[in-house]
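Order as written gives the chain letters A, B, C, D and E; numbering starts at 1 within each chain.
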Amino acid sequence: MNVDYHALLPEIILGLTVLAVLVTDLLGVRKHWTAVVGLAGLFATFVPLLTLGLCESLEFCTEPAGAQRVLFGGSYVVDTFSLVLKGLFVGSTFLALLLSVGYIEEGRYWQGEFYFLVLASAFGAVVMASSRDLVTLFVALELVTGPTFLLAGWRKGDPRSNEAALKFFIIGVLSAAILLFGMSLVYGVSGSVNFGGIRAWTAANGDSALLTIGVLFTLLGFAFKVSAVPFHFWTPDTYEGAPTPVTAYLSVVSKTAGFVGLLTLSYQAFAELRDLWGPLLWILAALSMTVGNIIAVRQEDIVRLLGYSSIAQGGFILVPFGVAVAADASADDLETAFFATVTYLLIYAVMNMGAFAVVIAGENRLKSTKIADWAGLSTYAPGMAALLALFFASLAGIPPIAGWFAKFVMFASVLGVGDGWATALAVIAVINSVVAFYYYARVIKSAWFDPVPEAIPATELKDMGQTLSPSLRLALVITAFGVLVLGFFPGLIAEAGDVAKTVASGF
Amino acid sequence: MIAVTALLAAAEGGSAAEFSDGGFLASAAWLIPVVPMVAAFAIVFFGKRSPLKGWGMAVGTMGFVALYGIVLFAMNTFGNGITYEGAIDVAVAGTNAFGEALHIEWGWMVDGLSIMMYFVVGVVGLLVFIYAKGYMEGDVRYTWFFASFTLFAGGMLVLVSAPNLIQLIVGWELVGVASWLLIGHYWEEHENSSAAIKAFLTNKVADAALFIGAIIVGLTAGSFRFSEIMHVVAEGGPTTGALSKYAFWGGLALFIGAMGKSAQFPLHVWLPDAMAGPTPVSALMHAATMVTAGVYLIGRMFPFYLTDGFGDEVRSIIIVIGALTLLLTGLIALVQDDIKKVLAYSTLSQLGYMVTAMGAGAYTAGLFHLFTHAFFKALLFLGAGSVIHAVHSNNMSDMGGLRKYMPQTFWTFVIGSAALAGIVPLAGFWSKDEILASISYAGGAESGFSFAQGGEALASFILWVAVAGAFVTAFYMTRAVWLTFFGEYKGHGHPHESPKVMTYPLIALAFFSVVAGWINIPGVTDFFTQSVGARFTAVLDHHAKSIDVFLAVAGTIAALAGIAIGYRIWGPDADTQKQRDRFRVPVLYPLLENKYYIDDFYMDGIVKPIRGPVANAVNWFNGYVIDFVVNGAGLLAKGVGKVVYAFDQKGIDGVINASGAVTGGSSGLLRKIQTGRVQQYAGFIVAATVLLIAGFIAFTRF
Amino acid sequence: MGWFENGWGLSLTVFLPLIGAGAVLAIPKANEQAQKMTALVFAAASFVLSVVLAIQFDYGSAMEYQFGTDLTWISAINSRFIIGLDGISLPLLVLSTFITVLSIVYSWEHWPEPHNPKAFLALILVLATGMAGTFVALDLILFFVFFEVVLLPMYFMIGIWGDRNEVTLPVFKRSTEMRLYASIKFFLFTLFGSAFMLLGFLALYFRSGDFTADGMRTFSIEALSELGRMGVWGSTFGFWVFAALFLGFAVKVPMFPFHTWLPDAHTAAPTVGSVLLAAILLKLGTYAFVRISLPILPEQAQDWAPAIGILAVVGIIYASLACLAQTDMKRLIAFSSVGHMGFVMLGIATLTDIGINAAIIGMVAHGVITGLLFFLAGSMSHRYHTREMARLGGNQKLMPIMGGILGFTAMASLGLPGLAGFWGEFMSLLAAFNPLGALNEDLFRTLMVIGAVGTVLAAGYLLWMLQKVNFGEPSAEWEGKHFHDVDNYEMAAWAPLVVVIVGIGVFPRLVFGATNDAVVELVTRAFGG
Amino acid sequence: MLINQFLILGAALFSLGVYGVLTRRNAVMVLLSVELMLAAVNINFVAFDRFVADQLAGGQIFALFVIAVAAAEVGIGLAIILLIFRNRRSANVDELDLLKL
Amino acid sequence: MDLGDWLSTPQNWVFLVIALPMLFAGYKVVATSNVVHAVLYLMVTLAGSAALFILVGAEFVAWTVVLVYIGAVIVLFLFGIMITRAPLGYDVSLSHPLRVRISAAVVSFVLFLVVGGAMIDQFGNDAIPEAADATRTAQIGELMFERFVIPFEVVSVVLLAALIGGIVLARRDPAADDTEAVR
């Protein structure tokens, strides 16, 4: 068989990187070289992504850009959507590694293995972006999830970390089982593991009770990944217990992987079953936004707050799916919804990574994630406080920082349909975003307006933790630059989202 | 930019035809308001450093104005009447109801009426300014005083030079502010600043009405220019209908505005308190500026008030208000001990005369009284000032027998009082007589423009009110003169004649008080009539062509009676203290002493409630109602969060709470960690899943 | 200088301050002098540019957008970088750059605690960009972004440099620091409003697709106004959209029931913060009404005008009465803003060109006058360390010059003819007598009368304020204390304002000259004149 | 042979597995129950594979992958359990609360 | 077709013979209060499933089950139990109290009913077509390496990751505990 290796090049490079990391670890050099290798590999992975993306402008490239490269009889497709998301995965993993280096080194963790697992998981995510059949999707998902179970428990000595790992694991395998059961039913009813086949069958025969169960089980399996309410229970504990860089990774890459599953399944495999997943995701979106936000208001721990915030953000990202409830939603509307989700994911990745970068920096300095302990941060660490404000304002969606555009396209997608339910979801989203302003502002307030707690003498804080690892600094610079530029020129990211929406075509 | 319009001189035709446009003097008359305004600021910034500490600039300015006024007055009176209107377009702000651009203009009016005002303000002002140098010597804010004093005169000139309602409002309010500054000149004492505020606010109330009036008239007439408005009234025009539709309300509102400045009952309360300011201020305020503004406004709008179908119904209100003021305030003057208060109330009463005249449709008479009154009232105030300067007290009970010490003051004061009382042949007599004549004419059946049902009856009643007023006037002036200058000196220290800089103005004013009336002796001279008659739109009022002997005699008798009774009560051979007691009529006296309780009503009935309970209520509303909702919403959200979180925590809690204790693997730790939560999560998940599929199947299948 | 006309001049005016903010942040913390200079230079440059724009401006065609440009911005949602300057926005743009410069000059020696000029200046400059940008944006999304840019800096200004006194919330008996309460209140209020505003914008965007020639959805204000003129929006749709926009703008103005953030924010903010809030930020709301609500939704504007007018007048009376009850000088001034904006909104509610002219000159006048008042209040509390009017008696004796300026400004604020404040009040009352034909004349004439009464109340609280603050003998507690009267920086910051106040008052063409044609055009297009 | 007899069997095992997950206090037992669920899934897959006569044998292959993944998960799970056990500094069974999740 | 016809086909008898013990074993897995027994019962169930696979002609899968599960996973479990020193004898506290068990039973039973009902609704009496021959292992292999090569590679990484990660977590690293415990 002849394989389009150009199309597979990213996966190949990444796979090799995974092994390379392992090998470097064995070589017994200074551990952080493993990280360097990993970073280099990720960087290298960008190259084929670009060549594939900008194909027609390159002479050696045979196919025009944007054209779907269908491999393995349609079970694996490299199209603009998958390229954009691969870029997202690789990029965020890159950032996640940058966040890790200092943290892991300081904490006497197992470094080589750590990077190996992170990269393995990222590899799974990258594969996932192209999977177009249930088998590949499931296996890739397991590859994304499996290593994260282990990483969650990476702070071996810390019972909280262990707890986190175990909870995460048990809920994870349970939902995996549910997911599989659903997939088996879908397969059985439609007689195909391939999205195309499934879609064709449903187009011809419509749905049935058993298929409904199959579809719901499958999607709910992913709802766990995106920690949508009521499948979110593991999230705050795991986020808090896991090493913070892992949390960052979970909240961005693994979450996004879940959304990729939802996107491809909803808009391709189950494209004809809008009346199933539309309402389902409508409900999940509304619940996630509301519960996540309301609870986040009460949080005293910044990581935990980010946990709930990411639940809420997940809800916002789910909102565009709600378009599908509108019976008369045109193909155009659905494409817009798809575009909105992807765009939100891209911006969310940057700003959330940034937020975690600041949190790690602060944690490294204050040895605490209690918001109260961060009070008066601006007095002794103005730069850090400024970045904190920047990223949290972005999460809150205040112009001109990137987050606003994500929220904006989200509103736009649901309002565009002019359907009662969709509009209702938009209104829920608006109210929620106002609530969200409050707790994001609370963190900013504590860092900027409140006095330094007496417990910690400011002088001590001043010299404390001046040694931000260069990698962390780099991560901060990248993300900060990102949110600012994207805030002023959201067009850049919108383009990516725009080209990606081809996947949702053909309604 | 400068659109100088010798307005409609030709178009008017008829009576206006022979008027000249005044040539250069008129076209340069914009200097009259501008110079003082500039001077005022100049004094603020440079006064202190200037040799005469600003007095020089001030008096120079007034000299200029006076000169300009005299020349124009002479030209206008003895030559052709002058009608000229200059205008500078300063903005176009939208389009009015008739689709024409709404122009905002600065300009200057040079016609009989404004020229007369220039003359009065200039001459009286100049004399008062000169006098003030002596009076204000050594004052803490000497320079500042002259700055605001100049602003005061300047504002008045802006007002009288205004060719349109908007500029009139500007000058109007400038006068108000200047008066606020001057009345509150000694702001260290709380009473003075309060008096200033009282004056300003009372005027502001009227000004609100003036705003509305100006808006109504200006918009319905299609222009804010007096000339245009009068044209619409007299000749008719596309907007005549609109104007006449709202004329009554417009006219009424304007008149209420006039009531404020001209201190007509019941808005008169601020004027007596205005005595808190230095005496020269009172002199200028009562004679030439400020209080004359209202009368001037009515005069300016006169054709509007005169013509049927426009403001004529308002005149019945005007005349009644005037008459009320005339009598009631005159009576209050009887019981005042403060000499300036006596004069103040007499001013109110005289303003009542003028307004009554205007109400009776007597344009010339009203203005003529304004003209003469300006001189002798200024004279009286300056005289009083000179006395106060000498005895360092305002109270007549501290005076007496001063004629020995200060003869010039005494004689000039007597002349002024006589003029005020209306004794032949002094100025007051002629103007008052003309007013009486006009009122009686209005009451006459043959009056061409009886203004309301039964108007004649009303007028003829008011005629007697006016006569009674004459009597009262003479009475209280006699009292004032006697208590001040006759009998024994009851004050302390050694009173002495004032310096020349103060006495000369007195003499000059005394001269005017004598002769001013002679320029309009019915049947003999009608210079004044000619003079103020020079208008773009002819004012067809009635003014006596010959002396009405009956009225003249009646007026004189009333005056003489007043003097006689005054003399009888306050006369030399009577024991004044005993007389005073006899004078205290049980009910009437306290009523008058408390000014009919009007001030008390305003203060306790309106101002205090608004400043106190009402304002506090609103503030309370802000904090306890609106903010209650706002804060309540916020706290509610938090509360909900608490509840939901608690619910969530039932599933999740424990670990976090434990996290504090998580250091070191104590068994306590283990007990904390011992938690079957995970399976509760699992339970939630499975339950939720089952519910969802069941629900969906139910919905999709059945 | 073609580059200047075709968008660069305007863009520079808007973005120079932002660049300046970056520059200031780049300077090491220690080097305050350099920070000040940089900030001043950039702000001044922006001001000079705006003046050049005003000079180059073709007043003959003030109704057209000039110096504008139209670039691709967010192609995915067809939102474009459209900016332009017409007679309505010109005065406001100049005002904003002008006030910014003065704020920096004033700050020179008056730093609020905690002392941190670097951050403070940076925030001022960011604010400047947001404000200027809002006035030139001609694309709803661009407008929205600029509209929101001002939010964070002001939030920080209030929160960091704000008033640290404890306040106790009525009813709830929770006490917190003024600045914390005020900042979050301001933050949430504004965001609440703008969230709905955004929904309104989006609704317009989606509807527009059905009507534009090429079927393209658009955010362009011009294009949407054209649609509005043709009256394409359905009545219910229009109603809800107008409601959403109204909510967004009314909070910012602020109009009567949504005003409560203002007194707290103004009182708590540092001097310069209050100045910028009062002078410019409030204008964003009113400007938005004129620029967006009226032209795009003319019919709905006519339905809503009576309600707006009533709320405006209620605001006038309500604010005046509230002022009478204040003991805190700054809070009094803050409340007075509500009243003055009431006059502005009344003018707008009449939907006549006179009214809108009045509104704009009212905005400008309120900007300079209340700005100056807040400067004065700031300087006085800086010297006396109190804002309690009861304790400030006799200020006129202790600081004659400052007292004089205060008196002057108070007079301007109560609408003394011949000073800037008069035109806004008088003209909007004037407009209320002849509102747009479709509106209820009797209602608006009643409003006119009530508004006129409002002017009396305004005179009342300002005069009494002066009496308490300036007049009488200084209280014993200042015995033997020396108070430095107005210093040079203050003078440098205030003198221009005084000049402008007199200038506009005597020669209103300074504003009307620019606005009138544009306003007439706007009204004619929207309401057929 | 009916397809349903396999499916019902699968459903039954799956439900049993769920029951186990919800009731077992010991982590290992929970893991066992999950394996039970996976077994049920496999039965479904294979049965369906034959039922639809899938030329791609998708069901069987899926089952194979499930088996592999399941093995991996068991490994991971036991490792985590072991880790937690190690952090109890005690062999005392009664203190192994953590495992009785 | 009714029960009679169904019973008349021999495979169904075989099916019953395999399936019923499976169900019983499955029940014991979740119900027994002896850890080791539970594991062994699971083995029975899996063996049953393998048998069923052979019955329907999926040999390769069947043998894989036997190999991987019974050969490896079960052993893994036993090791795990040994190492964690879970009670080898009967342990009544192996399950949650009755209250929990009942609610769990309700939930899972409803689940069974819904799913089962849906299955019957879907397939009714559809029979599995009589396959001419069992799926050839070669065929599976080909598919595995042509069509499903990507997941195959991926799953290999999964296993590798599980292996390495598992080791790292499970091994006792010197002195790590106390330093880490502080964090």
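One rule holds in what follows: contacts are C-beta pairs under 8 Å (C-beta built on N, C-alpha and C of every residue); 3 or more make two chains touch, one makes a residue touch a chain.
This structure is a prediction, so every number in the text was calculated from the model and none was measured.
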Both-way neighbours, i.e. chains that touch chain D and touch chain B: A, E
Highest contact count belongs to the pair D-E
Taking each chain's centre as the mean of its CA atoms, the one lying farthest from the centre of chain A is chain B
Distance-maximising chain from chain E - centres being C-alpha averages: B
Comparing chain centres built from Cα atoms against the global Cα centre, which chain wins on proximity? C
Based only on mean CA positions, could you tell me how far chain C sits from chain E in angstrom? 70
CA centroids of chain D and chain E: separation to the nearest Å works out as 5
With centres defined as the mean C-alpha position, give me the chain A-chain C separation in Å. 41
Chain B-chain C separation of Cα centroids, rounded to whole Å: 34
Which positions in chain D touch two or more other chains at once? 3, 7, 14, 17-18, 21-23, 25, 30-31, 47, 51, 56, 61, 65, 69, 72-73, 76, 79-81, 83, 87, 98, 100-101
Indicate the residues of chain B shared as contacts by at least two other chains. 634, 665, 673, 676, 678-679, 682-683, 686, 689, 693, 697
Going by the touch rule set out above, which residues of chain E reach two or more other chains? 96, 100, 104, 107-108, 111, 114-115, 118-119, 123, 147-148, 151, 155, 158, 161-162, 165-166, 169, 177, 181-182
Every chain pair meeting the touch definition is listed as A-B, A-C, A-D, A-E, B-C, B-D, B-E, D-E
As the complex stands, chain A meets chain C at residues 339, 343, 378-379, 382, 389, 393, 398-400, 404-405, 408-409, 411-412, 415-416, 418, 426-427, 430, 433-434, 437-438, 441, 445, 448-449, 489-491, 494-495, 497-498
What residues on chain A touch chain E, complex-wise? 1, 11, 15, 18, 22, 72-73, 75-76, 107-108, 110, 113, 116-117, 120-121, 123-124, 127, 131, 135-136, 138-140, 142-143, 146-147, 150-151, 153-159, 165, 189, 208-213
For the chain C and chain B complex, residues of the former touching the latter: 169-172, 185, 188-189, 257, 260, 263, 318, 321-326, 352-358, 361, 394, 396-397, 411, 416-418, 422-423, 426-427, 429-431, 433-434, 448-449, 452-453, 455-457, 459-460, 463-464, 467, 470-473, 506-509, 512-513, 516, 519-520, 523, 529
Chain D to chain A touching residues, read off their complex: 3, 7, 10, 14, 17, 21, 27, 30-31, 34, 37-38, 40-41, 44-45, 47-48, 51-52, 54, 56, 58-59, 61-62, 65-66, 69, 72-73, 76-77, 79-81, 83-84, 87, 98, 101
If you look only at chain E, which of its residues touch chain D in the complex? 6, 9, 11-12, 15, 19, 22-23, 26-27, 29-30, 35, 38-39, 42, 45-46, 49, 52-53, 55-58, 60-61, 64-65, 68-69, 72-73, 76-77, 79-81, 83-87, 93-96, 100-101, 104-105, 107-109, 111-112, 115-116, 119-120, 123-129, 131, 135, 139-140, 143-144, 147-148, 151, 155, 158-159, 161-163, 165-167, 169-170, 172, 177
